[in-house]
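Here come two complexes built around subunit A, the first alongside subunit B, the second alongside subunit C.
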Partner chain A sequence: MILAGIALASPTPAAVPGAGIFTSPLILSLSIWVPVAVAIGMNFIPNPRGRYDTLMKQIAFFTNLGIVFILFIAYNQFQTFLPGMQFEEKLPWLPSIGATYHLGVDGAGMTMMVLSGIIGITAVLASWGVRERVRSYFCLLLLTQAAVNGAIAAHDMFVLVLFWGAAIIPAALLTLGWGGPRREAATWRLVAYWGLGTAALLIATMTAYAASGGGSFDMDVLLKATLTPRVQLAVGVALIIAAATRLPLFPLHGWVRDVYSDAPLGVSVVIAGSASRLGAFLLLRALVASNADASRLLAPLIAILAALTIGYAALVALRSVDLRSAAAHLAMVPGAITAFGFAALTPLSIAGSVLSLFTGGLAAALIVATAWTLSDRAQTRSLQLLSGLAPRMPILTWVFVIAALGLLGVPLMASFPAETMILFGSFKTQPVGAFAIVAGLVLTAVALAVLVHRVLFGEPNHDAPAVSDASLGETWYLGVMAGALLWVGLFPGGPKLPGTEQPIFDPGLVNVMSAGLSDIASPYVPPNPAATQ
Partner chain B sequence: MAGAVALVLLGRAPRRPRRWAPLAATLLVAVALAVELWAGGTLGTYLTGALVQDRFALFAKAAVLLAAGLAIAVTDWSDEGAPAIGMAMILLAALGVMIVASATDFVGLWAGLELAGAAGVVLVSVRRADLGLRLLVAGGVASALVLIGLAFVYATTGAADLSTIRRVAGSASATLPLAIPVFLLIGGLAVRAGLPPFQFARLPVGLGASPLGAGIVIGLVAAAALTVAFKISAALVPLPAVFSPYLMVVAAVAMVGGGAAALATRSPRARLAYLAAGQVGWVAAGLATHYRIGLGASLFLLGAFAVAATAGPAVMAGADAGEFALAGMGLLRPARAAGIAVVFLSLAGVPPLAGFFGEFAVASAVAQSGGFWLLALGLLGAVMSMAAAVGTLRAIYLQSPPDESRRAAGARLPVLTRLSTGGAVALFAVIAGCGVFANPIISLADQGAEALGLR
Partner chain C sequence: MVLVPLLAFVLAATSVRTRRSAANMAMLGALVTFALSLLVAWGLTRRSTPFQTTYPYLNVPVAFTGPVNFQGFGIDIILRVDRLTSVALLVLEICVIGGIAWHRLMGRSEPGGARFYALVSVLLFGAVATLVSYDLAELFAFWGLAGGATYLLLSHRWGSVESSLGGRIALVLPFAFDLSLLTGIAVLYSHYGVQNIANLVPILHSTPGVGVKSMVAASILLFVGVTGRLGLWPLSLWLTRTATTAPPVASALAQSVWSVVAIVILYRLMPIIAAPNVATLRDLVYASGVAAIAAPLLALFGNEPRRAMVLAGSGVAAIGAALVVHAYEASSTSFAVVGVACVLAAAPARAAATLAVSAIAAAMRTDDLAEMGDGRRRMPTTTAALLLSGLVITLSAAGAISLAVASGSRFGFALGEAVLLVSITAMRVPLAIAIGPLRRRRAFEPDRVREGPNAALGWPFWLVVAGAALAIASFFPAWIGFLDGQKHNAVPANGVALWVGAALVGVVVTVLTYGTNKDGALRLSAWLGIGLGRLLDGGAAAFSRFIAEPIAAIAEHISDWIQQGDGELARAAAASGRLALAAARAPAVPLIVVLAAALAVAVGLLSPGVFR
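Moving on, here comes the complex of A and B:
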């Protein structure tokens, strides 16, 4: 009942005191262009021989803190009972082809923006150890975050393609410049797969544009135009390819191992946490929310890809001898679960997937970051050497266990309601897929159990290099992600004053994400037999 | 023209031009640009109708003057063998493109194209006579093909005047006697622009010429050839079957070939030349759509291309020695490095720069005309181009500068002057600004396409 209540959120839930008082028309633009302006501005600060490297880090940190503050205002001011887009901005950009600078977020978009804010600040903290070319690093990191925010807020396909493609170059340069031994391979794979995804997105956009008469790229017009079934199918397949390269889904996951293993930690966190979630967000925004017929037609394909992804990721993680590689593959699991929820096409599963955008991003980023930090502190990535570390790494042990539980979606974790809603919502429409996903999750649980047992609780390996526990800085960035997972798990509807139903300071992620969800899910509500009689 | 002659005379004078000459030439071009923008909006005909001033001419001339001005400003003049000749030749090449942009008949098109090509040959010969000869021979082949094509179009339609040809084409049907000369004409223009697979002259020249010489050949000569293609396409627009398929093939080969070759090569100058060839392919794809939105988008992209491809080699200065010549440029010459970065990214079509906006607009026109196979090939080329641009950015921003004592002659750092720094900043601002503030510029390009009589 509770889950159904979340999925079919009442259009008039209890508003947070003060919601809607402050509505700046520039909130979304600020979250995109402030990092860009700061990144450009950083280049004008003289930094002879890296003298002001710490200042550069502080600038990046406080910029992200500022963005989190802006997003916190937006989150608090978000009107959970309004169905449409909020904080909308619309300006003509290329009127001759119908492209507008149109930004806006609904509940799902706001959820993604919150995720991006948390991941942004975590990425800066995780990058505190960068020593070489510090200014360039943080400039590129800010540009990546700006591009991700832009892609989330975009409500025009032209703007979406622009930011979707713009994220590639800074992410590739960060991997190439500050990555590990396999950084070259990681970079070219990232460029190739994400480039393919951008090309697929552009083809989907152009196909819909041409078929709808070429008047506008606005999502409200373009994605809701009446198209022939053949065109719908072509657009849908191209969108799935674009999403699968970014999320990623099997078999378009070729960049995952190298990037998550060899990109610098902060970059891995951004990619696993927010940039890759854009794939699932695209499925929601451009397919599920816009084109019910094509969604129904292509749902089995998405379900098959999701099930294959989970099974493949778990099997590879089981056989892996490299901790970071195992974690990289396990980080694919939450994305596949999110995609499966969209394939199930029920209000409950869609709601679960929207929540899973947030929880999956955090869980994926946390498992990647924990594996990265642990292998760094243990001075090896080899699972043949890593063993019995729990007594010597108590903090990392706790975080690793939280990451594993978050990935599996156990109670008290934010991923629990998300995965439960997805699975409960999908058994009617995708029973075979749901069983396959559950089987994949069981395999994932086995892989995680083996990994945790071997690395943390096995016999200590006396041949392994010396280890040390997480530093205070490392505890901070891991703690922020773990804390966010636990906070939403404990207070999905926001903390409330005792004896009341009134949320205080946090309207509750579940309330915020529900805004507009009933509109998205309305084509998939099963007909009521009583009403038809 | 007067400026170019003055500069040639200055080069012959016993007292060689001093440091003020590049600044003076830049100011001259800036004044010409201001006059063009101020007075060019007024329609008019000159030389008894041989030249016309319309919105198309206004856009093309403004873009070419901007490209020439920026190229002069960012050039490291200590690296140019004959600065006065260099400045004069780029002005003459720009004049050639401007003549083409205003031409109303075959004579004007021919004269402008040859003038731009000849200016390139002269400047390339100053440093490398052998390359100048190679360019001359390739230019001769291109000229022969273009001339034969023009002559047979004249013979078939009975007119050399573009508006008359358009009128005749409106009442005629596509025939082989018209299709064959157009094929030769487009082939000649492709050779002149040095598009793959006709890069046999352009690539060695791009590698061996002085930076400004390479800029003329890669940028302005290709812009002249494309402007001729615009005029011819607009004249034959009632009969798209005689030119559109050729342009599609040229576009497909250039986009994919340019991207693949840019990815394969390690030399920054060659990479820039191939990226430019890929973008020329996008312009040709827009022309192949043969309607106003497509040509408008192509015209916008032509402007972005002209600026990036002309000023690109100049802002790279002595990078002809190899990728290591750019190593650490971001640290040593930040303004110049930013200019190089936006040039590469814009030619690769990476958002949010001018090249992306142009290619997106062309892509929308190609999609509307149903050319999805061409769009898919273009995107394939764009992905390869993007990967190639990442390779160059790595050298600029991620590699450490080489030891000064081990710098080869071709890898020496460009001399730092206020003009070149200001020029690099302006180049960055123009390429980035044309993207973000694309609306008025693309509207003007659309008016330019309308001025060619397209609906």
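Moving on, here comes the complex of A and C:
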């Protein structure tokens, strides 16, 4: 398939940034199977006593760099005016049950793929300090990334369930094998909650499959099938459970504290940045885009869960005595805002939530990674010991402040347009929920203020262990995430020369993400006031 | 004009390393911005229409059907400069230039010099961009950016517990106000689908489906959001709490820059705020009036000089806000600009007062007026600057009120009280510092108190001069007419005399009180301050004990229960797994017999006729 993808590559015909390099009908497959192939291939490279550990890391790094390059090309070649799926690949797989190997991305999917690419390379950089069983570690990391990419690109529910569940195994093994003191508890919680989500997704899929006549798992068929209201409701509830375990949303968030605290840094970045966003992506793809009646019925439930999540996360972060635990709970906030946008069910709020998939993933990954790095450099996670670190850790201070501002959706951050669109689009349909979200954001600001001022700007604690600022490598992976947040915040529509309309070298994330949005949002368009009078 | 401070920031962040070069870069940026603002202001004198230009920032198509306004979402960068905006730009740039110049000499002991000046450039950029913004989302974006820079400036002193506590409030409270502003804009957008202020105002009452309740909610949210940054009591806590913990220039800029920005934005949004009904406007006028009286009144409780000057300035800001809102309530919208003129006049004086009182407090090593004194002999220049700034703050409101308010009305009476209290508060601090002895204390020698560097002494005076010029100008209808482009009638001399007289009465009362019994007056203030402090501490403790802590504890307990709960579930699952394994190993037939017997016994016992 890789050879076919390379063999079929041809120069890009259209005059777009990235033109003249290449295009391929198998771009999505390359992003999924190249990491798998490299992971398998790495296992055959002898590595006696860790002699080639650096080579393993370099292989993983350049694999991700290649994936980022491929995705960058795809991002630039993406046709922003086409409503349907692009880069489609469809092969018959299990015709007896109607399962096909069907991949494709619309605007939202392309946004998620770009996020996954950035998070992937960041995770590899964040894992550069791994010393034990390096080959196994990076094999499993590549497999996790491949599973996430597969779940994003899947356009067949059977394939989606497979990739959705496949992400659990390498993530759990990484946590168990390379995690912190509480790695066993973290692993079992991850497996239990994500397993519950996978079971719920499987139930939803099979219920819809059976109710639609059992002909096909293809999303174009299965998700557009006419189902009875009761079946729609049951499928919707199961999908919400699946999404809530992955995002996560209160009360199915039990894995968050242990996993983000005790999983290896690279794994935490992948989970917080892209794997957890799959929950919201599932809501968009399988509920909002396909099942308008169930979406409207279940919207209040999603809104309540989102509002509870953001309030709960802020309050627990406020009371936490562990830096990583506080950051873990704060990382739930962007997911809650994204889910709320899907609950508001207006075209604008849905668009904001699609953008929030990208910005929320970056913000969550950044806060988790910064807290992890800071506690590692300060040699303690205890908030009773960490105090007044700013003068001795200026780089981490700036990154932490950027992460905090990114969580809050302050202007100049990419999360600002996303949260603005969600709030602007939700006041008409979910006014109470919108006020609750705003109140939750104020609580989040309180929690962040206490955290930032205690850890960074307070009086230095002379009894605390010695601290050191971020190294060059740590600055790189934190800088990539912070830079992406700032870049999209400054140029959401792509950088343009003054007086011109065409963006240069970046088509603009909001332009790409809006492809196909009109179709998704068409059932939720408010009636024209003149028509109702 | 808008981009110059941003360029200064970028250059400072990327290439500047020393304190002096950072100060020079920030000053250069501020001076160039000032020069360009002067150029724009001169250009406006030669035309009758504002300058305007538009750039697209964000454009997202979201639907192909439905109401046209909601088929896409866009944020445009609309830059519009009219005469009022150009004057406001000049005022805030003067405040920034004075602050930078003063800090270059007096702020050498402050940590993080390069960082400080870079943040001042960001604040200037955000403030300038906010003033020229005519798209609501764009306005909020720059407002938020300026707010972020303000927070970082107010929490500048790393490593200090007090600064850390003040910094938390400087983040949380203004953020809550900013969210209120964003929420108000969101409510408006959700009903109208328009963000351009010029396009929104004409359709406020002609769009079907928009109820009064929504409009009232939007009005109140917008008002709270703007007046929070304006520093109206009780929303001024973020200014009073950081007055002693933040660097003096940070506090000065937070008061002066934000008062200018907020009052101009309030004036710009008034057609929207006034849209629902007169009752809402009346309530807002009452709130402003209460703030105008409460702030200077509370400044008399306690002897902390910086807090007192902040509250005096807050009183003037509240008077300005009340004038703006009252003009719309009374359907005399042409007088709304006098409220803006009042705050513009007070802004440089507030900055000067903050700088002067901070220098005096640092030299006298105390934040208690009861321990200060003899300023006219030991620090004559700075004390004089403080005295003059107090006078300008006092008189800044008089001219505006005389143009807009009938003295015989209840509103006029309330404002008269406010002017009286502001004058008492604003004059109390310089008089307490100027007269009376400066007593020796432990580890403090009064003879060592002296003025700061000569080069720094002039800057508060320049700020006071700017404020005085604006305050005097506000007595002239021609100036008010220049600001809003409308014709205003002259005020009778007795009207002016009445309001100036009210201010002077306060000055005279203060002079007499402090001149005859300064220690007694300060003891009374201290006693009142202790009582107020106990009341506030009690309230805060009660809120923490009965509301905040229980809610946070509930959330924490839920988190622990969930962790324990799924732990128990895991143990139960493991136990059932072990049971299943054991059952698989156990012989099947005897097990089935035992289970059947147990089932039979249970059914037999539960069947009617045995126990029932």
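The definition used in the following text is that the second predicted complex is superposed on the first by the 507 of 533 C-alpha atoms of A that agree within 3 Å, B and C clash if a C-alpha of one lies under 4 Å from a C-alpha of the other, contacts with A are read in each partner's own complex, and residues count from 1 in each chain.
FYI, a contact is a pair of C-beta atoms (placed from the backbone, for glycine too) under 8 Å apart; a residue touches a chain by one contact, two chains touch by 3 or more.
It should be emphasised that the depicted structure is a prediction, and the values quoted were computed from it without experimental measurement.
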Is A:158 contacted by the first partner subunit B, the second partner subunit C, both or neither? first
Between subunit B and subunit C, the one with more contact residues on subunit A is chain C
Given the touch rule stated above, what does A:169 touch, subunit B (first), subunit C (second), both, or neither? first
Determine, under the contact definition given at the top, whether A:133 touches first (subunit B), second (subunit C), both, or neither. first
Which partner does A:421 reach: the first (subunit B), the second (subunit C), both, or neither? second
Quick check on the superposed pair: does A:177 touch subunit B, subunit C, both, or neither? Answer first, second, both or neither. first
Based on the superposed arrangement, let me know which partner A:192 touches: subunit B (first), subunit C (second), both, or neither? both
Look at A:92 in the shared chain and tell me whether it touches subunit B only, subunit C only, both, or neither; answer first, second, both or neither. first
Residues on subunit A lying within both footprints (that of subunit B and that of subunit C): 188, 192
Quick check: in the complex, which residue numbers of subunit C touch subunit A? 55-67, 70-71, 73, 75, 111, 137, 140-145, 148, 152, 155, 158-161, 163-165, 167-168, 171-172, 175-176, 179, 182-183, 185-187, 189-191, 207-209, 551-556, 558-559, 562-563, 565-567, 569-570
Considering only the defined contacts, which subunit A positions touch subunit B in the complex? 43, 92-97, 99, 133, 136, 158, 161-163, 165-166, 168-169, 172-173, 176-177, 187-188, 191-192, 195-196, 198-199, 202-203, 206-207, 209-210, 214
Tell me, which parts of subunit B touch subunit A in their complex? 293, 296-297, 330, 334, 338, 345, 350-352, 356-357, 360-361, 363-368, 370, 372, 375-376, 379-380, 382-383, 386-387, 389-390, 393-394, 397-398, 438-439, 442-443, 446
Per the touch rule, the subunit A residues reaching subunit C in their complex are 185, 188-189, 192-193, 251, 253-254, 257, 311-312, 315-316, 318-319, 346-348, 350-351, 388, 390-391, 401, 405, 408, 410-412, 416-417, 420-421, 423-428, 434-435, 438, 441-442, 445-446, 448-450, 452-454, 456-460, 492-493, 498, 510, 514, 517-518, 521-522, 525-530, 533
